[in-house]
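The first chain written gets the first letter, and so on, giving A, B, C, D and E; residue counts start at 1 in each chain.
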Amino acid sequence: MSVRKRSQKTGLPPGTLVHVGEKRTEKVRVELFSYDETSFEEKDVHDLNEAFPHADRQGVTWINIHGVHDTNIIEAIGRQFNLHPLTLEDILNPNQRPKVEDFSGYLFVVLKMLYFVDKEIASEQVGLIIGRNYVISFQEDGADVFNPIREQIRTNKGRLRRMGADYLAYALIDSVVDNYFVVLENVSETVDLLEDAVTDNPAPRTLQTIHFLRRQLIMLRKSVWPLREVINHLQHEESEFIKENTRIYLRDVYDHTIQVIDSVETLRDTLSGMLDVYLSSVSNRLNQIMKVLTIIATIFMPLTFLAGVYGMNFKNMPELSKTWGYPAVLALMAGVAGCMVYYFKRKKWF
Amino acid sequence: MSVRKRSQKTGLPPGTLVHVGEKRTEKVRVELFSYDETSFEEKDVHDLNEAFPHADRQGVTWINIHGVHDTNIIEAIGRQFNLHPLTLEDILNPNQRPKVEDFSGYLFVVLKMLYFVDKEIASEQVGLIIGRNYVISFQEDGADVFNPIREQIRTNKGRLRRMGADYLAYALIDSVVDNYFVVLENVSETVDLLEDAVTDNPAPRTLQTIHFLRRQLIMLRKSVWPLREVINHLQHEESEFIKENTRIYLRDVYDHTIQVIDSVETLRDTLSGMLDVYLSSVSNRLNQIMKVLTIIATIFMPLTFLAGVYGMNFKNMPELSKTWGYPAVLALMAGVAGCMVYYFKRKKWF
Amino acid sequence: MSVRKRSQKTGLPPGTLVHVGEKRTEKVRVELFSYDETSFEEKDVHDLNEAFPHADRQGVTWINIHGVHDTNIIEAIGRQFNLHPLTLEDILNPNQRPKVEDFSGYLFVVLKMLYFVDKEIASEQVGLIIGRNYVISFQEDGADVFNPIREQIRTNKGRLRRMGADYLAYALIDSVVDNYFVVLENVSETVDLLEDAVTDNPAPRTLQTIHFLRRQLIMLRKSVWPLREVINHLQHEESEFIKENTRIYLRDVYDHTIQVIDSVETLRDTLSGMLDVYLSSVSNRLNQIMKVLTIIATIFMPLTFLAGVYGMNFKNMPELSKTWGYPAVLALMAGVAGCMVYYFKRKKWF
Amino acid sequence: MSVRKRSQKTGLPPGTLVHVGEKRTEKVRVELFSYDETSFEEKDVHDLNEAFPHADRQGVTWINIHGVHDTNIIEAIGRQFNLHPLTLEDILNPNQRPKVEDFSGYLFVVLKMLYFVDKEIASEQVGLIIGRNYVISFQEDGADVFNPIREQIRTNKGRLRRMGADYLAYALIDSVVDNYFVVLENVSETVDLLEDAVTDNPAPRTLQTIHFLRRQLIMLRKSVWPLREVINHLQHEESEFIKENTRIYLRDVYDHTIQVIDSVETLRDTLSGMLDVYLSSVSNRLNQIMKVLTIIATIFMPLTFLAGVYGMNFKNMPELSKTWGYPAVLALMAGVAGCMVYYFKRKKWF
Amino acid sequence: MSVRKRSQKTGLPPGTLVHVGEKRTEKVRVELFSYDETSFEEKDVHDLNEAFPHADRQGVTWINIHGVHDTNIIEAIGRQFNLHPLTLEDILNPNQRPKVEDFSGYLFVVLKMLYFVDKEIASEQVGLIIGRNYVISFQEDGADVFNPIREQIRTNKGRLRRMGADYLAYALIDSVVDNYFVVLENVSETVDLLEDAVTDNPAPRTLQTIHFLRRQLIMLRKSVWPLREVINHLQHEESEFIKENTRIYLRDVYDHTIQVIDSVETLRDTLSGMLDVYLSSVSNRLNQIMKVLTIIATIFMPLTFLAGVYGMNFKNMPELSKTWGYPAVLALMAGVAGCMVYYFKRKKWF
């Protein structure tokens, strides 16, 4: 899908602001949190100019934008916070890889938020602008994993209110990564269910499910692998926006991404093992079918031949007129069939 | 194909100018753009000497050469701009890998432009000479993705006219990379169409299409992988020809190449999954065929045998003369057939 | 399984202490060893405050916690030894990868202890806090490989009592790694037993065992690979907690982990070889079955046809009334059958 | 092959001069070129002492030895030019990997020259001693790709006569690498021919050709991969024997080796795709065979059964005496056969 | 096997000297060579104390221990030469990976000596202690590749007597590596023999031989890969025990290990190609079998049906009483059979 939409930008000068995702019409919602250790303010911003004074305030300001389809809003924010045109372009294009970029005045981070829609993993881009005392987050859509953070700001639980903008950014990234575990569990359960199906009833649909799950895992992996590098960069680079005591928390998220990658690799291994088992079950089934055919043919072909012999119309067939002829032939037939059955038993064919 | 033509140069001293590609006869067209922020000039150059004074002008000069089969023109340009013989040799040989080379006085970049000809990806080499205030681009052929850039020069849209030769070079590279997305979308659509064919009707042709697509993707990958290194080099090396504020744009193209590589890898994964599904469908089909055979054989062999028994010509077969003999045997036959059908039903064979 | 439980923490602020493993209710046992070269003390601690003065004592103090499901105890220890909230969180979550983390005041090491439960490898997390003169070890459960170390402390055998806390940490890690060899031998024996089964009697169960073993090895590998990096880090980083003369011992454990990895890779290679042999045995068996069918069909079909011919009811079939007709046909049939048998013999079909 | 001969040296002290290749008896030919920009001399050397004064001359001396089976000559050269015993040993042993070694006084380079003998790639070792003003090249045998270089010396075409010994060494390496393209083209053509054979007529011989080609490509790769490192080393190491302005030419050869590697990898990919197609063609063929069998069996088994029924000898079979009995049964048979044919048509079996 | 024995050490404190290999009872033989350029002494040492004064002598002392099962001897040597307990432990445990370790006062090197026992590669550990003027070598068993070195010492052939202990160590390593070529040749010959068997007569035994050889190569590889790093370390590390002029010889052994690795990889590639050919041969054989069956069935089923028709007992079958009926039916049958044969000929089935 990401391949699909990109080409509509071909030929435009770089920095042209065009929204590349699906067209949407609903109004963009701009949420504003502004807090320090002692106080906090939360509101929905309708006039953008209203939001900006907050940026210069003491404490931390978090502006969360629901929807990136309104280029006017993005442009207004860009002007206000001095964002580079390429940053704005990337925010509008939901087909970015997770990445971190240093610009003068802010860090720009791109993440993928994953969630389930109709048993399929859906992916949504989250853009973060990390400034000295503010964080701006851009979400494409309704799916939202930031509620626990809103709650922590409101209730002043945990250390969020006592820390700076870098810790808020960490908390946002952490909640995105935490959600990967939910997605992983879902996939993992489907894999477990599949495991029994593979050996008991290897239908062609099983194979398709295996491949569907593999593609899902590839998608997960594509979101997590570059994220690992992103967090590593945030953790190790000398950057004025990430303070020393936040790095230890970033190391923790880093560990989580590694755990996700580990689980994805293990699930991929399990799936390719299941593929082997599936293919081998199909082969075994063929063997079963051929055994049935062979047993039947091997028993009845000689018998039919015998019956054929005594169905011949030769004048001179002395056996035919003997009284014991018929029972003798029947006994012979039973004997032949018995030998065959014995032979197959010994070969453990049934 | 690239393997084919190279050998005609074997044994010539290095730096000998021989055009290695397909022979062509049409006249080489030389296009000249010369611009700064306030003015621009565009013309087709017929006498090469006419083109060169421009190189010393203020502002940026872009010389675009359509066709590299006229060694005289290449040599004339080489003399005028002081190009190294190996650079000229590489321009004439369209089988280069994408690369960047520092020479004293200029940077030499080789790219691959990709486009579709008859549903196949075709590749064309683009050579770029990046000097302090000029860019010379060499194209093999008619296919051209540089039109949007000409338009930007003419209409002064975007920042192109305000920036130097390095930004022009970036814009040229960017338009080549942007075009990869168009190619990718095409391949991606064919893959999607194939996906249904694989399970529904796994014909040998399907397999050939899978392998054809795989080769196409390998071709794409061969163009993009080294390009990634090229752009990385341009972005990070200390070079006098790439200014600081252009590097941020190169980072953007770099991201695009990574996205292309990502998509190529995903498509390759999808294709190898489809190969598995195809091979398994073929196996399943064999199982289906064998089931039909086995069912038929297993039902009719015992029946034919029974008929054979009562076709024997023994004198002493008391059943034959009974009035109920015939209907009884028919009933027996129906019974045997019924048992078999029941057995197969229970085994879920149909 | 590790995938399963993680999500219950989603949405909680980082550093919240929640036990993520299986719920347990038995009382947590806290064991305390305190020793120097000349004396040692061993006791079970019931009141935690009783344990802490030991931390400031001369010599080395080892606190071993059996069970991490009581968050109160973990919190008390955290307060006493100044442990970072993220360390406590990791101790409570048994789904960590092996890792080492430098905190100010201590090193935190996570390991996986492996052992057999019902012929399956079970894994249990061991957390180590390495301070200047103390080691705190956290175990999830009953399985315990630290007995030899307790014995060395009690009997003053080896150099343990003469060395510092870093050597104790080394000894604990070493006993965990040593136990991997026991697990490996078990797996290795099962593989050897399987080897014969694969060629002699390739049942579908064999395949499942192969895949079961493969998953076991993946589990082992997941515990050992990161451990290698952990030990490498301990050995090479400049850390105040690991003294120079202990590093040589860490190099030894490092060698052991490499040996374990080597053996795991060899066993994996062996298993994938067995998979090939298994699949090929299934194919061979199909060939055997088809040979039997083909031999029977090829011998009896012509014979049955011959019998059919002389069972036709034409008036004018002169052979039928000849005295030699019947024996001649029987001889012909024997001849045909003989030819077929000869043909199959020459083709080495049986 | 390379494996075979090596063992005859086992147990000898290192530096013992033994020729390890095939035994040969013809006289070794020693060719001498001595040139500078204005003059050149060419002769066959019969008395080795005659050759050595040249080494001290102005300009460049190239000594080319045809055959390494005469240890006396090698030893004499070794004494004259102060070559290390290990260098001499390597020259005599044609089973070296391509490599470059710095010795005090000279560089020692080992290459593999490839050419075709009876449609198989043959490999011959070329050793180069690169001194300050001389190059000594050792060839095993008759195959010779150095003629263009002799021609350049004689006719003073290109820049060879104007440059030093390092450029001569470059030219020799370049002609060896250029020849790889000739070999590649040959292999590439065979692959193209095979491509059609694979789908049209998948004989077991096709499979053997695929594997033969794969082995050929492995051989090519084994010659080129280490060569890449060799040239990279020559290009980047600080060595007194390679001058700055020659390095740009070495970069060019380096690019060529990368192109060869690229082509080899592409051909390998193509071959493994062909293997898949081949195996799948074999499976498809089996399906075709089984379809024929199943169609025949499914049509004739019921018919034969029907015929059998009316061949039974029951007294009481009323149909037998009806005038319409025979035509009715024939019609029934035609109907059954028709149904079957219709069924197979609908299943698209033919 | 290496997996088996290791666990008997589990739980012992590190540095405890226990012999881990197979138990043996014969007396350990201690061989002593002591030489400089002008003189040499060789003797079997019976009283160990007798051996040690030599260690302080001028010139080089080589102590070669045949058998590591006598822990007393190992301990005595350890005391005399100040060896670290971990070194002694490693000498006693024959399941080490090849490695090199720097200890203060000596270098410790572990190698694997390979040789053939009953057509299987057997492996034996060789430990080397390299001191300033002595080398101590530990062998497990009888197999011995050091004879050529003894000969060089005795006869003063080559440069061995003129060089130091480091050159002796090099010579010992070189003779171990040289022996790998002998082993490789053996394997290589078996592979060549197998190559014909695979296509001509693909028995299940062939498959087992392929896998046996693969395991042998894995074993070889496990010995050589780490050895490469060992020699690289010896060659490049700044160590007081390896002199500058010996490094050039180590580079030579390094090249040999690379050649061994190359050959092993090539043989592995060949074997996996053979596996493909084998599996494909099995499939082809199945196709052959099915063709025979199908041809027979397709010819005789219609014929048998025809015979069945004229074996029916209908009163009203006019053909039966015609004189030409019988020959006409026979002709019809011949015609049907002919058509079938023609059909199969055209399909190239035989």
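Here is the rule we use: a residue touches a chain if its C-beta (ideal position, glycine included) is under 8 Å from a C-beta of that chain, and two chains touch if they have at least 3 such contacts.
Bear in mind that the values here come from a model prediction, so they are computed numbers and not experimental data.
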Contact-graph distance - origin subunit B, target subunit D: 1
Contacts common to subunit B and subunit E (chain labels): D
Set of chains whose contacts include both subunit D and subunit C: E
Subunit A-subunit E separation of Cα centroids, rounded to whole Å: 43
Chain centre separation (subunit A, subunit C; CA means) in Å: 26
Junction residues of subunit E - those touching two or more other chains: 283, 286, 290, 293, 297, 301, 304, 308, 311-313, 317
Traversal of the chain ring from subunit B via subunit D: B, D, E, C, A
Footprint of subunit A on subunit C - complex, ascending: 2-4, 6-7, 9-16, 84, 86, 89, 95-97, 99, 101, 103, 204, 207-208, 211, 214-215, 218, 222, 275, 278-279, 282-283, 285-286, 289-290, 292-293, 296-297, 300-301, 303-304, 307-308, 310-313, 317, 319-323, 325-326, 329-330, 333
Subunit A to subunit C touching residues, read off their complex: 147-148, 152, 157-160, 171, 174-175, 178-179, 181-182, 184-185, 188, 199, 248-249, 251-252, 255, 258-259, 262-263, 266-267, 269-270, 273, 276-277, 280-281, 283-284, 286-287, 290-291, 293-294, 297-298, 301-302, 304-305, 308-309, 311-317, 349
